[in-house]
Amino acid sequence: AVKFSTTYKNSDATDKTATKNGTLKLALVSNSPFQGITDPQLASNASDSMAFAPGNLNNLFKYDKNYKIISGGLADQKLDRSAKTATITIRKNGKWSNGSPVIAKDIEYAYEVLGNKDSTSSQYSSDFENIEGMAAYHKGTADTISGITMPDGENGKVAVIHFQKMSPSMQFVGNSYISQYIEPYEHIKNIPIAKLASSAPVRKNPIFTGAYKLDKVVEGESTSWSPNKFYYGKKAQIGHITINVVSLNNIDKALQSKKYDSVVPFPAASLGGTDYKNLKNVKGFTNVGEPSLGYSYFAFNLGHFDTKTGKNVEDPSKKMSNKSLRQAMMYALNVDQVSKKFGNGVKQRANTLIPPVFQKYYDKNAAGYALNIKKANKLLDDAGYKKRNGSKWRSDPQGKPLTIHFGAMSSNATTEATYQDYLQQWHKVGLNVKLVNGKPIETNSFYDTLQKPSQNTMDLWLGVWSLSSEPSQSQLYGETAPFNMGHFATAKNTQLINKMNDSSAWNDKSRTKTFKDWQEYMNSQAGVVGEQFSYAWQPVNNRVKGFNISPANDVDFYSNLTLTSSSMK
Amino acid sequence: MSLIEIKDLKVHYPIRSGFWNRVTDSVKAVDGISFNIEAGETYGLVGESGSGKSTTGKSVVGLEKVTSGSIMYKGKDITKKSNRNHLDYNHDVQMIFQDSLSSLNPRKRIEDIIAEPLRNFEHLSKDDEKLRVLQLLDIVGLDADALYKYPHQFSGGQRQRIGVARAVATNPKLIIADEPVSALDLSVQAQVLNFMKKIQREFGISYLFISHDLGVVRHMCNNIAIMNRGRLVEIGTRDDIYNHPLHIYTKRLLAAIPETNVSQRKAHREARLAVEQVYREQQDKYYDEHGDAYPLVQVSPTHAVALPEALAQQIVQEGEVKA
Amino acid sequence: MESTSEFLNIKDVSTAFKINGKYYDAISHINLEVHHDEILAIVGESGCGKSTLATTIMGLHDPAETKISGEVDFEGTNLLTLNEAGYNKFRGAKIGMIFQDPLSALNPLKRIEDQISEVMDYHTNFTAEQKHDRVLELLDQVGIVNPKRTAHQFPHELSGGMRQRVIIAIAIACKPDLIIADEPTTALDVTIQAQILDVLREIQKENHAGIILITHDLGVVAETADRVAVMYAGQIVEQGSAEQIFNTPKHPYTRSLLRSMPQLENQNDDLYVIQGNVPSLQRMPHEGDRFAPRIPWVPESAHEKDPVMHVIETGHEVRCTCYKEFKFPDEAEDVKA
Amino acid sequence: MEENLNKHSNISAADLDRLTKEASEEATPSSAKIIWNEFKADKPAMGALIIVIGFILFVMIAALFINTPKMMETNIMNYNAAPGSNGFLFGADTGGRSVGQQLIVGARNSIGIAIGLTLISSTFGICWGLISGYFNGYIDWGMQRVYDFMMMLPMTMMIIVLVTIIKNYNAVTLTFIFSIFYWEGTSRLIRSRTLSESEKDYVAAAKTSGTSNFKIIFKEIMPNISSLIIVDTTLSFAENIGVETGLSYLGFGLPIQTPSLGTLIANANDPNNITQYWWTWLPAAILIIILCLSISYIGQVVRRSADASQRHGITD
Amino acid sequence: MWKTILRRILIMIPEIIILSILVFLLAKAMPGDPFTGSINPKADPAQLHHLMKINGLYDPWYQQYWNWVVHLFHGNLGNSYQYQEPVTRLIGGRAINTLWLALFTTILTYCIALPMGMYAAKHEGKLPDSIIRVYTYVTFCIPFFVILVIGVWIFGFVLGWFPTTGSISSTATPGIQSVGSRIYHILLPGILGALFGTVNVVQYLRSEVIDAKRSDYVRTARSKGVPEKDIYKHHIFRNSLLPIAAFAGYSITGLLNGSLFTETVFSYPGMGLLFINSISYRDYTVITALVLIYGILNLLGTLLSDIILSIVDPRIRIQ
């Protein structure tokens, strides 16, 4: 695999005038126009966060490379476990790009926007009801959220959030209890929350807290930026930044023909392996990258979601309930080879369910499931999946014919070729695995099927998660998690996942251990198995200096950029 | 009893207009005409273009939806489709068309064209049918080798004869001939007219002969009706019409026939201009306030004219005085 | 009417069309004269080459597809030697043409006025006003009742007779010396036909023009023509004054045509029928009398090998000598046998 | 009648055989023969005919010898193998599948779709046009409204929506979906010709001969517009060969396991593939162009011969 | 004539209603819903259900349809789920882009096709005619998107003459510069669309001119002594351009179809691209509205053709 550095260390000297008068051109890789919702609480699509990234999306906190919140950002956060509060203090010189100060109400309003009963946001989750009074507010029975107080008044700098229960994940940015964003209350207060997403202050003349301010947005296709003189931190240096939507089909050629300096950094990777093959040797560009905040996985259908109790329940009678069968299927695959061929080095077999971007928690020593046909055959034989009556396929231990339905989402030719490869591998060990409906399924139908409380269409499937920067797994694989679509819900799993967020987890070491234990357990059970990890990588033109996509640099990413020449290299 | 009795026949084509495209008016293509065709005779129907001759002819064979009036055949009103079907009407009444090329399906062989009515009305064996077709071809003077040829391989006159053969195939009692020769050259026209006469003699067919060529009509017809704007202006025998025309319209038509006698052309022309003059000046005398013809009045047992009674008598007397 | 001066002299003109790469004569060795103040009628069955003769004079053939030989002397110029631009000086100005189908001969999208004044655009230097006046004058002249209104209309708004009048107006707009009328009345009713012929005659009188009137209606010829040329299979077979042709026809073809007309006398008899058909171009015989196949009972010896025109009396010419022996079958039982 | 005829005609049953034989010796060749002669006379047209028929036959037969599931198996080691390498004459695509074999099977599928589509939509369009053009009045009015409605539908959009709805769609369903939208052009053409054809006197003659409407439509009128039908059908066939290419490009075409010329050409969706992996799409594109051109050319010849039989007919 | 147009529009209404029901049902029949597609760990399925409910997506279809119709009468086509914006505003912005492009493509198509068709017809059967015919055949046989992709590659990337994405430069200042930038952006898609669109026009025009050349009124004009070049100018071209002018209305259908491809290839934010995106997001309101708009545009196109024809052709008066 290729090794990427998160930083392009440009040794050339910054060209002051080029920087001041120049334009940094970034591409936003997407097949569809961005929606234009600058409000991160309302946006439902990654394109928007990329299109408006130079405004820093009203990010409150600064964090380290493990996404742990540290001081030095727009606000500092203090957790008080005994009082069950989080106190958020905005720095004195925190200002919006229109010059008005950032106030406590801005923090509080973010929760109102999120939790309002008429809100169009899809980001509200039951976790927020951990905040006192949030449930009532969400139902519409209360006008305000009683659990959020502002000791210095709305225009003050401090907001205190009162929880029913504290969680260690609150230390990390992107957790599901504390919003990482704020809302420009003064700017939008006159607009009903239901209409916010389509309002002018959100779409036409939005304000930001980042290093750059928005000059112009061409609906759906481009944004342009210039330095925000009210920015509290390091002043932006490049005269202009433009961001243009470029389709996946055209991005390689666009970069090769030097139409853009780089693409907008995106933690869940916007460029793939094929692009890497095309772009790795382009002159004048250097590639940077860090592990992606996402992974692909195989999941098996093991039970159902009990809508009454709100819990996932395993059904031992399911076709895939046999652990040996699951393991054998995973051993039969040669994900390594596929990753090498199609990933061109930017992808690798996922050996566990925590991607390497979470350096602290990722278990790099986990074995995972590397190709081992022999072992696969043996597992199957031992478990009683034998070829009977001269059939070319194995039947189940009871001797009934076994056909396994594999669900996969329609995608590009490379990915679909991979599905075929997997099928062939399974056929090699005598398992009759077929694509559901004989072909990849369109994304909507795919999730439509999986989200039913109970389904028998897919026995296993290949899914993708792009993750929040807070790594706890309860929302994905927890006992009550609706997204636990395979319904893998053993007692041990529940216990480990709970442990990730219980009081013991306030201790970093102990939390790390829980994560590793969980990874090991998940691998041993093979209820859900990682398929591939990848790099979020991107080429950057050699005239750009200070390009560092490490999470630790997120807050200052745009302020740090300069140019070493006025034209692209 | 006459073979066919046409009574107050009207065919109106709707004109749609206005906001809802409703019928607001109608073209009165045929507007109340009555005449009878006797067995074995040739009945001439003459008039200018657009006067409604073809529409009348088509109504008689049942190709046109009749607005009102009746056409009686064998005591039944054949303007009703059910009666036509019941009588096998078209077995007895057939049609010859003006445009010989367009009336023969270009994609069918002559055999199939002539056999078409036979197949529908008389279900013969293959051999009988072929024999009939061959005999028909023989009668209209075509060789047997015409059998498997296509219409475009024949000249205009030959094609028109094929049309005649098809029309007589079922031995009909009446044939509607809608301008059967007006598209033909003089010599070919003679050919076709001869055949039509010959067949009439041999099979005793009646013709409703539609034409605007008064020369041809005179040659062919015993009784003649003159049509003008959907109405009849005069009916009578050949002699009545050609020698004692009463209506100005008839006179005008007659005057317009070119004179083949070169030495008299000047006189002929003057006579024609005189008629034109009268026609122009006395319009309101000959037509009612809407410009339509009056109802017919009988001036002799064979002769009727569309004029007010008094005027008709006056003209008849004038004519007698002159004579 | 005495012919004053001859101004069109067609000498030995032949026109051949290219069919599948070979040329076939549609008219061969035509000699004709047209005088001022006369109407020359050309008659013959369909396919005899009447229209071809007319379009040859007008120079309307595509040179790539036709071969024309001979001379067409028009007021001292041999038209056949002219190039396109030279020809255009004559067309419309000195020679006007009237076509058979009055609907398709007019541009459906142009107002009548524009179509008439278009001729004047190229042959006169009238001002717009003068042209407008002339258009109205012309429409009046051809017998249109409301010239102002008609000038403003489109062809489809006019009846067939009116359209034909408009076409005549176009043809006479520049007072041409020669008017060629190719079956001007075939598509019209008898009453309108008579009116149109009147118009033509009046115009001729006024302009002292010569008119070539092409028709296959012998009645029309008898009514209008001063002189008549009878064509058969691309040749002129008889030529003479109207009286000569109608009163003392000579050529078997002329006589046959006259005899096949329905007439008062033969009311109840069969009409005379000419056997056979006009040969198509490719089958046209090039030796001997072209009409011979259609009068097979006339012995071969009666025909000339290479029939030429014989003058019978002043102005009356007949091709071939067979006319001398020709009798209709019913006139001479012996010949028929 | 019988008697009448016997009285006036010299021909009797005895002459029947002799005369029939005489007649058949003089018989005019059928239009199929005329068309064939036209092809024989026109060398390039003959070439086009041979190409098309030869190609279709080749593809149909060759496809029988190709095990499609096996062919469609991925072999990632042959990822985009260049022509000539790894034993791939025409190279391999992203999944390491032989482009050459896919061309054959894909062409068969595409031609199959084209044939099916042309058959369904033309038959329907022809019947619709004939019936609507022949009967005026309410039938025509109603049919015209349906037609107007179909004209209004944004075709590609509707197809995309339908394709998304149908879970398990394949070449057959795709053909049917396209058929819903492809009959209109034909029907309009046929209707306008039928309208003018119905005015002709031979139709009136058939009516007076007692022929039923159904027979008149299909036995009298239809043969007369057959040259139009043939030309229109060949042209639609040519057009239909690549009908799913656009959809494949937009990502709504046939599933990968069903190769077609469209899915192959859709490899040209990205400027990089166009240059780097030209063999994955170019042969299919060229194939479509050749087929389409040849078929159009054949259509021209058919049209010409149909016209000629009417134009030069008398002299034959 | 106004009455006729009005009547035609009235006749359209039932068609539009049927279409709207059809589209509405079809949109609902698509598997999935507007919220499932945006699945991610941050989104709580409970919240998605909540959103489904407040958007009335659990109501029976006729209820939903009825609500939709009621809103429609208030000029409200609903909100886009994906864009969280009123559909009218969303489409309004895109429609301008699509119509700009369509207009430009049409103009360009005719600029290219008219001289070409006339030239071919004038020199019927000669070399230029054959070349133009081969051109039209080949273009006819190549799928549209192949032309587009190859065009982008050559003129956008290799030669770098044209922008390859978007409708306007992100830095263009309002005024002249932004209009210029817009035109610059639609140049390449316009040209490529026109290249494709010419085929029909050229073939149609060519056969019209050839027919006109042989018509009787041209013969009349010749006999008037009108020089050849004027005959072409005043008679042949004028008369054959007529049906072509009317063709413009019908060609809207083709252009709209093409917009799906052009906009995808050029990431040009118009209605076509919006449709493709909305399909994968199951953005019902947008899908329904777009199909309806395209349908109505098609209808207007035919109406426009009929009107043009009745204006330019004196023979036709719509009654």
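Letters are used for the chains, namely A, B, C, D and E, taken in the order the chains are written, and counting of residues starts over at 1 for each.
Here is the rule we go by: contacts are C-beta pairs under 8 Å (C-beta built on N, C-alpha and C of every residue); 3 or more make two chains touch, one makes a residue touch a chain.
These are the chains along with the protein names UniProt gives them: B = ABC-type oligopeptide transport system, ATPase component.
Because the structure is a prediction, the values reported are computed rather than measured.
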Interchain contact steps from chain A to chain C (minimum; 1 if touching): 2
Neighbouring chains shared between chain A and chain E, ordered by label: D
Centrality ranking, top chain (CA atoms only): E
Between A-D and D-E, the pair with more C-beta contacts: D-E
Centroid-based (C-alpha) most distant chain relative to chain B: A
Chain whose mean Cα position lies farthest from chain C: A
Centre-of-Cα separation between chain E and chain B, whole angstrom: 55
Geometric centre distance via CA averages, chain B-chain A, whole Å: 90
Intercentroid distance (Cα basis), chain C paired with chain B, Å: 31
Rounded Å distance between chain B and chain D, as computed from the means of their C-alpha atoms: 47
Chain B residues counted as touching two or more neighbouring chains: 155
Overlap residues in chain A, where contacts from two or more other chains coincide: 249-250, 253, 442, 445
For chain C, residues that touch 2 or more chains besides their own: none
Residues of chain E defined as touching chain C within the complex: 215-217, 219-228, 234-235, 238-239, 242, 312-315
Touching residues (chain side chain C, partner chain E) in the complex: 58, 60, 84-85, 87-93, 95-97, 99, 101, 104-109, 118-119, 122-123, 154, 156-157, 167, 170-171
Residue ranges of chain B in contact with chain C within the complex: 48-49, 155-156, 185-191, 193-194, 197-198, 212-216, 218-220, 252-253, 255-263, 265, 268-269, 272
Complex contacts: residues of chain E adjacent to chain D: 15-16, 18-19, 23, 26-27, 29-31, 137-138, 140-146, 149-150, 152-153, 157, 253, 256-257, 260-261, 264, 275-276, 279, 287, 290-291, 294-296, 298-299, 302
Chain A residues touching chain D - in the complex, by the definition given at the top: 248-250, 252-253, 278, 337-338, 341-342, 410, 413-414, 416-418, 420-421, 424, 437-440, 442, 445
